[in-house]
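Okay, here's the structure, questions in a sec.
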Amino acid sequence: MDPNTAGWALVVALFLPLVGAGALTLMPSSMDREIRRAGVAITAVGFALVVAITASFDYSRAGELQFTTDVPWITAIDARFSLGMDGISLPLFFLTSLLTLLCAIYTTKHLPSPGKPKAFLSLMLLLQTGMAGTFVAFDLILFFIFFELTLVPMFFMIGMWGGPRRDYASVKFFLYTLFGSVFMLVAFLAIYFQAGANTWSIMELSTMAPFGSTTFQTWAFLGVFLGFAIKVPVWPFHTWLPDAHTEAPTVGSVLLAGVLLKMGTYGFIRIALPILPDGAARFAPMIGVLAVIGIVYGALCCLAQTDVKRLIAFSSVGHMGFVMLGIAAMNEAGIQAALFGNIAHGIITGMLFFLAGSMHERYHTREIAVIGGGMLKKMPVYGVLFTYVAIASLGLPGLAGFWGEFAAMWAAISPGLGLADSYGGLYLGLVVFAAIGTVLTAGYFLWLIQRVNLGEPPERWADEPLADVQAIEWVSWLPLLALILALGIFPRLVFGVQDAAVTNLVGFLGG
Amino acid sequence: MDALLEYAWVVVALPLLSAVLITAVGKQLPGKGSEIGIAALGISWLLAIGIAWETFVNSPIEPLERAVDWSPLGGGFVFELGILVDGLTAVMLLLVTTVSFMVHIYSREYMKGEPRYTYFFAMLGLFTFSMLLLVVANNLLQAVIGWELVGLCSYLLIGFYWEGKSNQDAANKAFLTTKFGDVGLIVGVIVLSAGMFGLTDTPFNIIEINEAAFAGQLSTTTIVLGMLLIFLGCISKSGQMPLHVWLPDAMAGPTPVSALIHAATMVTAGIFLLARLFPVVAQSQAVMATIAIVGVITLFFGGLLALVQDDLKKILAYSTISQLGYMVAAIGVGGYAASIFHLFTHGFFKALLFLGAGSLIHAVHSNNISDMGGMARAMPHTFWTFIVGSLALAGFPLTAGFFSKEEVLAAGDIWAGAGFFTGSLVFWVGLAASFVTTFYMARAVFLIFAGESRSHHPPHESGKLMVGPLMLLAVLSIASGYLLTPMSPEAPNFETWLATPILDEEATFPFTGDGATEASPGTVTGDGVLAGAASPAPLAAAGEDGAVSILHGVPYWNLTKLAMVLVLFFSALFLAWRFYGKGLPERDPTLQMGGFSRALVNKYGFDDAGYRYIVVPVRDKLSAAATYSSNVLIDGVVAGVGRATKHAAVATYRVVDQQVIDGGIHGAAFSAAWWSEKLKRIQSGDVQKYAGVLVAGTILLVLAFAAAR
Amino acid sequence: MQIDFIAILPEIILTVTALLVLAADLALRGDAKQFVNPLAALGTVGAIVATVTLWGSERVTFGTMYVVDDFAVLFKLLFLGTLLAILGISWRYVAENRFFQGEYYFLLLTSFIGMLLMPSSRDLIMLFIALETVSVPAFVMVGMRKRDLYSSESALKFFLLGVLSAALMLFGMSMVYGFTGTTDLVGIAAAISGETASVPLLLGSVMLVLVGFGFKISAVPFHFWAPDTYSGAPIPVAAMLAVASKAAGFAGLAVVAFIAFEPVADVWGPILGVLAVLTMSVGNLIALQQRDLIRLLAYSSVAQAGYILIPFGLARTGPEAAVVNAAAIEAVVFYLIAYAVMNVGAFGVAIAVERRTGLRSIADYAGLSARSPLLAMGMTVFLLSLGGAPLTVGLWAKFAIIEAIAVDITLFGIVLAAFLVVNSVIAFFYYLKVVRTVWMDEAPAGLPKLQPGFNLSAVVVVLMVGTLVLGVLPGLVTDFSSVISIVAAG
Amino acid sequence: MSPIGPLVLAAFLFSAGVYGVIARRNAVLVLISVELMLNAVNINLVTFQNLLFPGDPAVTGQMFALFIIGVAAAEVGVGLAIVFNMFRNRASVDVDDADLMRW
């Protein structure tokens, strides 16, 4: 495929899941296993296509949009159907497709009551289109549509296959995110009319930026900020996250942590910063402070959790805090770090949720106290995997978690946009507290490992036959496990791809 | 000559390879994977020896740096993966591979029958790799990576027996304490690299940082802040007070691990890093003073703690803390070479002692010296090797420990001569501590080997695989000292080995001490037991303003001080013999003191006084106080911090998260519901009320319209 | 005076159809009576064809009383489309509930004739007649279930409030006539521009005129009839009231406000804006409490009226206001189209569920997904669309309103936007409540599978597809450069 | 002639009608009150017509009044029908008995 002309490839890769979802709904519900297989097949084909795209992507021009499609869509409001892909979109797009495939594979064996694989898989595929679209849409309206599109399927996923408090959690998730994104829509419209160029094209708007008075930029940024910050989630907008994660079915949590949260940070980087640089510059210190609060705060909350899954959910708050810290740095290194953190967190936490899910399937509880340790004895392989991923998540070098965190702190030491002069001290403080956050992070993960993994299994599990990692789990986990290591050892895999694109972006930023 | 140095990366790669192979196929092999590890380390060891030789004989050499751009970091900055081979690297390579190799061989027998035998060797390989990665790092980021990885391995190996709660706690404690220090390290590295922005694309490159610092391109803030933060990392990693608390607990790990990680290599990483960045350290008097003081405190009180231990490994652990104190202190008083020299020799004899201890423990199935005794007969090889190790540790003349420790003292003396008060502090306290060291080692040796056996198991000598390493290490514990003695040539010797283009003979400290201005070279000439700078030449070259040169040149004999050391040594030895020579005293030594004092009345009153007014207070009161402060105060603080954090966590979660923030959301929802409840009452169902409201509304609106203009 | 029959052809066709329906009803017996429905549908299609031919033309007849321009044509098409849908969802319902079918369809058609007149009227008298032609048949239709207490009660309420507001409006009209000496809208505009534009009494009577339309669109505080009437009336009638007659009300409001009272737009603009805020907030908040689906839809449609009022709140006066007003009208028109599509659909599903069982409380929708996936899917789509979820036309409707606000951002505009945002979030509370019940609750045992029947399924499917297609390609209907013709008149 | 008299009368009638609609319990009386209001409007129209265009052939006002009379008739017819129906169902014509549906 020639990345300059093969826009169709991206379109197909994007809408194949949607079509697949439609096809699935036509299958009779009785064909349970066939449906699950079909789900795998669809996502696999999609993933194959994405791999082809990744392969034929022209990395020498990673800074420019490739696989572009740009056709009129809603002429009345100049909205265009414009897709494209650059070094920033590619990794996230790839990750989305991969995770969905793995989730589909996982679903072939594991699906919480009330079953209904048809509905579940269709929703998942719909969700995939939404998520993937967000990362390749280069028209504000189109972006918004995809961004919002993810709400509905996720609402149903949580609401139908979720845990005991699913009603509460699903509605909370839906309304919370909706609330933010409507303000975002208002801000988009304000931007559109302020720019007065009759275009929603992200690239054009970025090139035109900065426009409008600082006041305008501040307000517009506030609107966009609300939308994305709730999605990320930035402290104190995070309270929907633990409930959603805890109640969601395993696959839901994986996709939620793996991709949905990333849409927020991606939005910041792709839209908020380049289009509203002045507003960004004004908000940066606040974002930084919130980010670091999130880091420390998330870690503290983790220490207080008694439920494994909820603990992991809160750990996301902390990790996304590092991502936001990178964004708050407003310089190339920071954005690189943020994007890397995005990917790393997606893989690692996604994997953690997989593990938590199968832990729940084996023990039928997620209470740390009830599990009571000894997992390394009961399920050696599983225990090792758990330790491995947990250690990756606490940011150990050589594994994916490290680069996002370290680079974020490193970038924050000398923030861009002239922030270094006015806020140098503040940022130094931020770095220090972020670093302290890493200690707390290590703290709760080690404590978790100690309470769940180590020691002798308590009586109630002693003669309980608990199956170790099964084949299907291996299949759906190995790619992630491998990626955790690969990204840790070859950060270039992501940093390298993004480099040129980030440079352009910061060019818009004037930083 | 570079031919061999080019292959330094192989030394690093082999242990990793062995770790991978062992994990992959180890279980299937007859030796359960140990043979892979031993083979790999053997090759690494030979290579390391070759590299050491190359760098030593040709010293001083031009450092060899090889790096690949590993990944862009954004902003045009690059993270490079590379090797930097100079004297310092070679020293560390040699030390690490040697000890690791020995430990591999030793463990093969020692760990026999362990359920996680293979895993153990894989971990050893991984650790060795990480340590070497840190050692050969040409940039700080890579060093940090190695640093963190050794921490992980340490965690995994301390928790090797993870069924036991105490071991788990020890592992967590070790990891978290060091991790806390890593905050300092990481931020410090970041600060330093930030100072390099604009100067280079590789802001972590060590050589560039050193040159920049020497050329004064780094702001004082950068240097002081950065180095102090990095030093925090060293404090935790190298068991300096008050963050040493994890090291004694770390003895929960298997003894070979203690020997390799918690005596010879990992704990010295901090000192290594300080030495690596010595050109930066040397820029700031404040930083050096801080380092020196921390070192002094540690070396003295750490030593005292060893006095009252019964667990042999704990004794060695505290002595390790104390010796690390010497190294740090040396850095703090400009003893760049001295510090590394002591690190080098200490690595050998402390590993020897630990492995010896392991051999003993293996024999009696107990860590406590009170369960040993009379082992000399049963375990002759262990016995004499242990003696050698102890002598070296105690600094008995002509052992390696003697030369290296005296180098440290000399450095302190020179520093004092240059008018820095920390110098004399290091000198005198170091001297006093050597007395303590001798005493507790002697105590241990007597209780272990002298008297009758108190063991429940009939002791037996360990097999060849365990004794062999002991012997080799014993030889090294003597020989390694001769790299820098009054007998050494001008070059090559240990000091020229460590010299780099920046730290050459001409290199001097940018600041001068108080008394140094009118000080002539002569007075600056330290007269330690072995004074540095026998020939005043380097000092003269160091400039007439009395600036102190970083390298001290070859030391020379100073018999008066030598006598003093010997007196200290033997008095300590004698005292120890008095109390413990006949095996473990049945009754409390203090009561025994009573009978002792009666003898003093008639002949030994001098001893008695010495005993009553020096030993008793020191051993019982002071050390007890120190123990208390360590085990209760500092531990208490650490534990307290832990508990406080937990409480804070719970509070934050319960109150802030669940009530304030979430409550706000719910509040909104509830208020909506509340309004809803109230508002729906308007829909009374009575059409005439509707009509009334309708008309009223209309009238209101009409009025509003009418009033609009 | 010469009459342009082409211009009023749709109305004529519909009138003839109505008479034919009446005749047919007399002719047919028993079950055969239900076949007046396709007859009516046939006439409607004819009217649609006639209307389409009028697109793009500009016809004036009955003096200047009656104008057919794109604005009018678009509304007529909207009404006729709705009529078709309502016929579709009425058939079985009316046939099975055994009430006077002929009369029902006759009244339905008559009411729609009134609606067709509404957007073309350019004269107060014409507007009044149109309004009454819409209302009077509706009064009867609401009470059509004669033996049903609820039905008659709702009819009474509807009737009393209707005539009351009509009387208020007429009083206002008479006053306006007194001030301006004319009932011609353009003439009125001409007359009240200038200093007369600030006579309190005149402004007051302007408000009185608006009351009549406020009643039709059920804006707070004229909304009280809506919930009681909807829940009492036969559901198809409720749908008709909620969609068609509401749209008619908006059409009339737009005409009278933007043509006749354009000079005082800066007076009624803000006040209608405040009404908008009140309407949507009250509607949504009360809707939160509802247990009965029809009442929930009623309050939701009150809230929707609030959204649609927002653009009126933006109206300005003066020549430079044209662009803002144009955007406002576009938003209104588009929202009405979207609203018609999704709301008729929702009522359609409600009919299907209620028809046999008579169950209408939200709890009775539990497990609908199992009883009839199609209906469940439809309900989900319609409700989500009402809420404004992506890929449904509802999002674009709200988008259009925000866009109208953003054309020229004012503080008042921002306030309105904020209320819109908060309200659409609140609204999701109860929409999602229904959706959850439909999908996530277990169906009570013993409930039969639902057979909605062909027409109704067809309508639901068509509307559902419409909702989604417009959700992806709103461009199909968003392009109304021409509907703003009435602004030019202002 | 002076318009004051008729206008005041109209206003009075209208207010009386409004009062009746709101206050009277008997549905028939309510209907009559509606009639009052509509006729008040008629008086208004006719008055204005004669005030503005005395002796003018263009008689918009009267036209409007005629329409209103016609429509009013229709409305009252419907209204009575509804009231009768209610009377049949519940043997009462009190409007405020009709409060089955609320909230």
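Order as written gives the chain letters A, B, C and D; numbering starts at 1 within each chain.
Quick note on the criterion: a contact is a pair of C-beta atoms (placed from the backbone, for glycine too) under 8 Å apart; a residue touches a chain by one contact, two chains touch by 3 or more.
What you see is a predicted model, and the numbers here were worked out from it, not measured in a lab.
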Taking each chain's C-alpha mean as its centre, the one farthest from subunit C = B
Whole-Å distance, subunit A centre to subunit D centre, using C-alpha means?
-> 66
Whole-Å distance, C-alpha centre of subunit A to that of subunit C, is 43
Computed distance of Cα centres, subunit C from subunit B, in Å | 80
For the pair subunit A and subunit B, the C-alpha centroid-to-centroid distance in angstrom is 39
Hey, what residues on subunit B touch two or more of the other chains?
-> 680, 683, 685, 687, 691, 695
Shared-contact residues (touching 2 or more other chains) in subunit D | 18, 21, 95, 98-103
Every chain pair meeting the touch definition is listed as A-B, A-C, B-C, B-D, C-D
Of subunit A, residues touching subunit B in the complex | 172, 176, 236, 238-239, 297, 299-305, 331-337, 376-377, 391, 396-398, 402, 406-407, 409-411, 413-414, 428, 431-432, 435-436, 438-440, 442-443, 446-447, 450, 453-456, 490-492, 495-496, 498-499, 502
Where on subunit A is subunit C touching in the complex?
-> 73-77, 144-145, 148-149, 151-152, 155-156, 159-160, 166-167, 170-171, 174-175, 178-179, 182-183, 185-186, 189-190, 192-193
Which residues of subunit C touch subunit A in their complex?
-> 384, 389-391, 395, 399, 402-403, 405-407, 409, 417, 421, 424-425, 428-429, 432, 436, 439-440, 473-475, 478-480
Across the complex, what residues on subunit D touch subunit B?
-> 18, 21-23, 25, 95-96, 98-103
Would you pull the subunit B residues touching subunit C in the complex into a rising list?
-> 669, 672-673, 675-677, 679-680, 682-683, 685, 687, 690-691, 693-698, 701-709
